[in-house]
């Protein structure tokens, strides 16, 4: 703002004050009314939603999933977006660079925007920046709130089409107890290190492998493996079915477990949803 | 006609007035307070401009509830969890005060963000209120840190692990990150000194900073005045009047910007010379 | 010499009178502004005020900063913790064990992997941001619940955001009299189990970081790579 605009503002504001009203009571009564409502809200929430205490600190745990307070969810989600570790997009992008850049921009706002215009309708850049930042933070906070997909095994995932006691039900149990959810996501539950398996049964996987399987499974002999047999091959020896796969080999499962698991996986997306 | 006009004052009133005069003689307090309360503010202030006061009121609530919670809280790793249970279950209204403090923290964050949004939309960060915005942004950052440090004090699994990750995020900052994280934690990993450090930071260091900056922020707001909403009727009226005056002045000027219309003091009249 | 009015030419007094300084004459104050090296009384006292202020500030700040900061930036002392007899850590398995620290809250969890004649102890602190990592027997791998970092049987990174493998603890096996049994293994921080018996005790020591080739580095905080361009951002770790 140049000197002329500054002087014009000072004159205009002096006129506004001249035509205005005294601080007490015309500003204070509004302040007090709103503050009373806010306090009523806080005390009401304290009574209605009593604060509990969780389990005590155990620093040698291996099953706890850390989560921050809700007002840090947007930063927490940022860490999930910048997941891959390479020189162009390192971890510090989300932990250090982006938050500090945002803080510096926040502090420097009055020095970036020095125009005299105050009406929001005539400040399109400011308005769009404000809307983008608000949507960005609100959406990330919402995602942080709902996106806590449990990764540890043992969680049940409801499927339609699985009859209790069937091979597929046994396969689902194997899937959950062997920690498959740690890397694979099914119906929104699980990690994202490996591919999403929600509809893997529709993928029509097939592979040729002429070697011997670590765990012989009746009916799954080479050299072509397709349908449920492909899942048997892949679970026992991922690199045999898909060279270069990073998935560890689950060669300690029994033949029955492997068959049940394969039945379960082969029907995902078709029979079991 | 005020009540002082009706006869002599009672002894209580006289004593009260004597005390006020004694203090005022020496402090000029009534002048200062009188100026603060009676100064004019623009007539059309919006209800959204109450968010700043609401945030400050909640800070007061947090300070007071925090002080009384501190009377029962024990900042040692072996006894912290037990003291929180004691406050929540045994102490009279302990559950209420703890709840007010916890919900007050969320309310504070929400109010501070809404207040910042209001200031941004109104353009109130522009001249002459740039420093008010800067002190306010620093206050926002300090309030977020209060949330971070206070959260740990409950000393349950959720609190502990959230803080472990937050400290590791700090440590990932280039070059000085590991040192800052070590200083905050009191060591290279969480240890028995970490909790009392966070307690000292939460109780003393940051509240001192917040109180100082609230003081600066309020000084600036009082001195510079509460801003007027940019769409107020008065400012619209003033702007229209100014634009009309500018248009009228432009009409006076000719195309080349100079005043070409001159008023002739003695207009010449063409009379009987027409036929000559 | 006399002037026109009969006064002394030099001081304007009637001639013959005393001409030296008188009590009622104003003393001319020379401020020495033209001579900045001259130490006037004002300048001296200003210097005393500033120096005293500096001493006061230092007297307060130096002890408190040293107090608050010194012990935090020191490396923790090396200590060995006995976590039980070797019978608890069978061959061919990875066993999860809690390692007690100096205080209850510095307890850590180690995964003791005893395979192929080598024993290593892996820390369950994820190398991305420090969340506790879980071991999955089915795949013999580790996965972090926070952001899906995945590690293989040795703690090397196979997927996700961690910048380096899981940190390890130094290990040592001693017999009941405290003498070491066997020696260090081929990889830094490992122990060879060739001559170790079931009653010998396993000791866990200080932690260190490794790269994908299992070469050892000083212990880094989570989120810090040990190799590559970005490792230079952390020159003091």
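Going by the order they are written in, the chains are A, B and C; count residues from 1 in each one.
Here is the rule we use: a contact is a pair of C-beta atoms (placed from the backbone, for glycine too) under 8 Å apart; a residue touches a chain by one contact, two chains touch by 3 or more.
Computed from a predicted structure; not experimentally measured.
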{"item": "B-C compared against A-B, more contacting pairs", "value": "A-B"}
{"item": "Remotest chain, subunit C as reference, centres from CA atoms", "value": "B"}
{"item": "Interchain centroid distance [CA atoms averaged], subunit A/subunit B, Å", "value": "33"}
{"item": "Centre-to-centre distance between subunit C and subunit B (centres being mean Cα positions), rounded to whole Å", "value": "36"}
{"item": "Set of subunit C residues in contact with two or more other chains", "value": "101, 104-106, 129, 131-132, 146, 223, 233"}
{"item": "In subunit B, residues with contacts to at least two other chains", "value": "77, 160-161, 164-165, 169, 172, 174, 177, 190"}
{"item": "Numbers and ranges of subunit A residues touching at least 2 other chains", "value": "57-59, 61, 64, 66, 79, 91-92, 95"}
{"item": "Contacting residues of subunit A [partner subunit C, same complex]", "value": "57-66, 79-80, 82-85, 87, 90-92, 95, 150-153, 177-180, 182-183, 191-194, 246-250, 252-253"}
{"item": "Residues of subunit C that touch subunit B when the two form their complex", "value": "68-69, 71-73, 75-76, 101-106, 129-132, 146, 219, 221-224, 233-237"}
{"item": "Subunit B residues touching subunit A - in the complex, by the definition given at the top", "value": "36-43, 45, 47, 49-51, 53-54, 57-58, 61, 77, 81, 84-85, 88, 95-96, 98-100, 102-104, 106-107, 109, 111, 117, 120-130, 133-134, 137-138, 140-141, 144, 147-148, 151, 154-162, 164-166, 169, 172-174, 177, 190, 225-228, 230-232, 234-235, 238"}
{"item": "Subunit C - residues contacting subunit A, complex", "value": "96, 98-99, 101, 104-109, 124, 128-129, 131-141, 143, 145-150, 152-153, 158-163, 223, 225, 228-230, 233"}
{"item": "In the complex with subunit C, residue positions of subunit B that touch it", "value": "77-78, 160-161, 164-165, 167-169, 171-172, 174-175, 177-179, 181-183, 185-194"}
